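Same chain, two partners: subunit A is paired with subunit B first, then with subunit C.
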Partner chain A sequence: MLASRALVRGLQSGFWRRVSTSSAAWAAHTHDVDVVDCSVPQYNNRLDTPLPDVPFVRNLSAKQKKLKEKEKGSWTQLTKEEKLALYRLTHELSYAEMRQGSKEWMTVLGGVFIFLGFTGLLVWWQRVYVYGDVPHTLSQESVAQQTQRMIDMRVNPVHGFSHKWDYEKKQWK
Partner chain B sequence: MSLAKPAMRGLLAKRLRFHLPIAFGLSLVAAAAFKFTVTEPRKQAYADFYKHYDSTKEFNAMREAGVFESVRPTRK
Partner chain C sequence: CHPPGMRKPVSRTMFRAALQLSVSGARSLTRSRPQYTASVAARSYSHGKQETDEEFDARWVTYFSKPDIDAWELRKGMNTLIGYDLVPEPKILDAALRACRRLNDLASAIRILEAVKDKSGPHKEIYPYVLQELQPTLNELGIPTPEELGIDKA
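The block that comes next holds the complex of A and B.
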């Protein structure tokens, strides 16, 4: 995900000449660069790829190089901190950190609601200033006449409309 | 550091063996519930309605109300 973001930034910046010079300087810390060289393997944090194509830290300091040399020996000699340091050399995020999630959804939902609310205002304005008059058949008197006709016709006498009308007392049940 | 070898095969079969009877059972329960809460009362309501239904009386009432076009209300 970070790599794709870097990629988008790279495309947007349009620095195509720099993309072609994939020197070790660019590949030092394989994220947060302005351009990403897609012709060489890249680092990625993905749940389904436990071992990315390249380690996270490519340019090791002297201390880190020493640690790498120690790694070539027996691993029982490594302390817990050294093992963690080696892990962080090859991986940026642990699985727990990858799965973490964020509170971004609140921002997204808030933005959605803001724009929905604004749209509601526009729709309201449209209803008041653009729409014409409602048909006369929706007036009180017209609706009363329609309802009386439905009752006379015995609409849905078993379960529905006319079932709720008391024909003897001429009122709703 | 010797863990047991995890199950490599038959995972779908195991899942189906567990979930299919449940699925069938729940579907049958849903169908039975719908039958006895919706269709049987509905059939009963229709039966009750038509048990004492006088179609001539209803027809004349509708005719007097003036909803038909083939017969006008009786002139009085």
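The block that comes next holds the complex of A and C.
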């Protein structure tokens, strides 16, 4: 499970490596540090918080700074790619990406079944090689004798066991 | 054109697409609005005057219309508004988008549109209606919709 999480994480960061505007920008991503300073506002992807406290990319390259300057002018002058780049500077994941979910559940369920199956094998081996014989009173013959005794004793004659035995015909009703 | 089942919106009776009917929703049923809308104030008091929809809207429009609004206030306002159990009226969103323009923040403007769509939940007709109402502003300011940028799909 940890392995699947690590795998998913690795895939995500690999994916974004391509999508972000430049490798310099990637290095500047605020979340790509080993130690997160919790005493300052952090970026977060939350559906209920559309505008995070800080932008996703804070250390802008020269090209990105130029784009930010262009943003101060009329937005009708921006190309679609520029608008998208501005969005990605401020936000890591779009709402659709946040809602996406992953296929991790399949890995988890598969792992659960594998381990259940393995446990089943262990239990079966134990039954065969560890447990001793079952008591002789469970043999067919012994059970027949026991049943006959119960009938003779009239066990539960009103509604239960012996009630089901036909004493005239000597058979079960 | 308006989504099917809705009357032509009159500004003062308009549509607060709440996610559930509340006690004051009984009022809305008598006005034969579509089932998903209700007159829901953001707060229900046990005493004191209940804020009307119009007062609520006016308050938020005023908030975002502040000429020298700062980035923090925009974020705080927007995040608070999205926290309420309703989809904001187009006029509030219009004021918020114009605040983004004053702050030179295109990304936030796009994010607001995304948040509105997300907030509508299963009521798929709300978002197209909001976009329709905001289209003049979007064209004027040059704000793309998330669909135009392709970020509505993961």
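Please note the rule applied: the second predicted complex is superposed on the first by the 96 of 173 C-alpha atoms of A that agree within 3 Å, B and C clash if a C-alpha of one lies under 4 Å from a C-alpha of the other, contacts with A are read in each partner's own complex, and residues count from 1 in each chain.
As a convention for this text, contacts are C-beta pairs under 8 Å (C-beta built on N, C-alpha and C of every residue); 3 or more make two chains touch, one makes a residue touch a chain.
The structure displayed is predicted, hence computed values, not measured ones.
Look at A:166: by the touch rule set out above, it reaches neither subunit B nor subunit C.
Comparing subunit C and subunit B on the residues of subunit A they touch gives the larger count to C.
In the superposition on chain A, A:149 makes contact with subunit B only, while subunit C stays out of contact range. Of the two partner chains placed by superposition, only subunit C is touched by A:95; subunit B is not.
With both structures placed on the common chain, the touch criterion links A:157 to subunit B but leaves subunit C unconnected.
Looking at the shared chain after the overlay, A:51 reaches subunit C, while subunit B stays out of its contact range. Of all residues in subunit A, only 149, 152-154, 157-159, 167 touch subunit B in the complex they form.
Interface residues of subunit A facing subunit C in the complex, by the touch rule stated above, are 47-53, 55, 71-72, 74-78, 80, 83-84, 86-87, 89-91, 94-97, 99-100. Of all residues in subunit C, only 74-75, 78-79, 82-83, 101, 104-108, 110-112, 114-115, 117-118, 141-144, 146, 148-154 touch subunit A in the complex they form.
Touching subunit A in their complex are the following residues of subunit B: 42, 45-46, 49, 58, 61-62, 65-67.
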